[in-house]
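Each remark here refers to the structure printed beneath this line.
Labels run A, B, C and D following the written order; every chain starts at residue 1.
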């Protein structure tokens, strides 16, 4: 399945809504195994995305993802800013000429995360949500369960990248904040796909 | 009545004991309306007096009061060091040639306090204990009641000297720490006189 | 109480030892005392009036942090919140006297005043000429001839800076005392606390404030202030303190100097935010700020809080405030 | 949570505004950013390699407090505990480049590394030569090729001092990067916390410790450490940290530099007591301390705690560490 401009815009807007609603929860997750700012960071990104869309309504998919990427890169900072920013920037470049199947598009985003973060699955980061979601989409088996399983899996991992890695074994048992914000991204996608 | 060397030594030693026992209580009184160190200060003075007596057992009244004064001046600091120090130094000078009636002796000490502190009765300080005790001794009416009344009176005063004066009206209702340590001094005297 | 200390009785000597050992090029300890005296090469070469200050410990970097070329000649540290004893002060006076007399900078507390007075009498017996200035910048306390008067608080650092620079420039003792009094008369401070300090020997905070309360007008020894109120945004706090302080200056033309001072437990971040609000409000009032300083200059152990000092300064004082010094902490 | 702030979102811009307005002779803000750049007269005259650092706010005086002659050329402040964005870093790089390239001093956090990397790519597109050194002095975290590696903490201040002095002396970019890496490899830090910091947007401390507990091995962003234990006397704490750190140095001859760093809520008094114990223990171990520094250099908001940094230094580095600088806070 491919996402066209109207739905993709709804997708990002839903994501923005969820980020604004869950700032405190994301901060608390990050307080437990990080530095307590992931919710504040993503909220700042969400506001920047809204502002960008208001300033100039994206006219095509590539612009939409690019505006999302730039908002993240320029206003978020921290680890999540360059990560989300790179994922969406790579996705923006990929749809410049032709739209892509969602699974392939998100794989490009996931690869962007891996490149920027010098990281991979199993390190207890947002990648552990992006990769299974991309995989599931590729075989048309994407639903809430995929996200739930991914989060459950992330919870049991020991972090080796990002701030939570300093906790070593003690990072186990906590949901990674970036994984959770990515879960919001893909729950928004389910809502769009269902509709 | 006059105090001779043996009893005077017992007097000061008893005072020292009380100071060591009541450090925390004096600190708490000072925490309420001052800076929380009067107990620690007097404890340091008490230890210095003991050390001085051990180093050289005072051979006459004047030496006894002088050693007490020097211990206070050199080891206490704060307001109480120079105050107690001056009182005992003046008392030491006064008994250099002849011993004095206790009421007259303590009046000399009280006058020393007033001079050093540029203060007088009614300002919610140790003077409000020294002066009534001196007065009572002069007319042979000194007992625990005099001390209790003095403390009760001090409690109701508004401080105009010392740290408690910054509290203005709010200093009312609290016992002045220096008044309490002076009460220990004169309760020690009662114990000696009774014996 | 959690503190990084050993025995409570050893706090001051160990602190002074740590300070002099990590700054041996600048200061040295006077044997057998907790007094600290200049140890830089210029000290013996350039003769000047000696400047000695001191007081209870717990206000670091005051005073030892201000010993050095262009500021204090020596500083005497008493026990925590307790004036040092006369013999220690006397030693410091003797160590810095270069024949041109010594000025004592004393904060207005009965203990400090009395102990410095006794030390002065001792030094005068050695024919050392001594003058004393008593800093009483805290306007949260009412003044009166019949009371202890106002306290000396954060403004002391500014007084020490100006006097230190003037002394280095060669000003004589009598003129320094006159200048010092003028500076003190032009210096006004108020502080607020979010959380009281814990005196180590006491083991608990000097007073309790609710989670949303602050105390206005506190002293630097946990002395309570004039009002407890709900905390408000930094800019409202700044406006409130400015209002109170500027009332004390009938003439608001000309140069002013400001000091935003952290009480020990308040991060620099908050001090700069507060300073920004202070500058906004003073600009709105058309007050000309010609010198400003922000930091933990005169603290109160681990107290969380801040104080604002405003000084009506003439241009010579601004120059003295700006002159470079070689101290640990200015 | 009680803090002297206005809106949580305005903390960083207001803090930077307060800092530059109270230090206008030293630094200025780059328009539209929270980056701070040298504003002293020497800056334009003496051309040198630009030195840029930065990171999340909440560690003041790091980094803006170290901008000035002999230390950083510019510092970029992110949100609280959040790396600044690439465009801000890029602006700072552009502002300080004098044709001899720019060295980036980055603390080892994934956010900082990524954002500085992106800024580097942007600046390289302008043909500015860029090198990066990544400080990772916190030995409380295990290192491995497969993990994030060690964190950059208080040692960063010493790295900035040495690199800043070397850059002022005319060292070129390539040599500065080599020197920086050598210094980093020789710098080891561990910190302890008595009380966690409160991130303003979170509103409560990052973790809770009982009244008699401390946490060993904390980071400067409330990252928890490797052990929670009962508090002990300062000298035992010092010995424990020294033990851990000195294990990292196979060769214990020659010069060492130390930094006793307060985390923001710990009074100088305790820092000096701890420093005294550190010097005692190092003397007992016959370690030669040729440079020492004590103070709130790299903080963590209002965290109560302390860190110890030990650097095996050669004599040139000691000279660099001792050279005078004109900054707000060194």
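Descriptive notes on the structure:
Basically, a residue touches a chain if its C-beta (ideal position, glycine included) is under 8 Å from a C-beta of that chain, and two chains touch if they have at least 3 such contacts.
If you're wondering where the values come from, they're calculated on a predicted model, not measured in any experiment.
With chains reduced to the mean position of their C-alpha atoms, the one farthest from chain D is B. For this pair, chain C with chain D, the centres built from the Cα atoms lie 29 Å apart.
The centroid of the Cα atoms in chain B and the matching centroid in chain D are 53 Å apart. Centre to centre, using the average C-alpha position, chain B and chain C are separated by 31 Å.
Shown here, the protein chains touch in a chain-like sequence that does not close on itself. Touching chain pairs in this entry, ordered by label, are A-D, B-C, C-D. Contact residues on chain C toward chain D in their complex (touch as defined above): 1-7, 11, 14-19, 21-22, 57-58, 60-61, 65, 194-195, 211-212, 214, 231, 233-235, 237, 260, 264-277, 279, 292-294, 296, 299, 301-302, 304, 306, 329. Contact residues of chain B toward chain C in the complex are 23, 27-28, 31, 34-37, 39-41, 44, 73-83, 116-117, 160-163, 165-168, 170.
Interface residues of chain C facing chain B in the complex, by the touch rule stated above, are 8, 56, 78-87, 109-111, 114-115, 117-118, 141-142, 144, 146-148, 151, 199, 201-202, 206, 219, 221-224.
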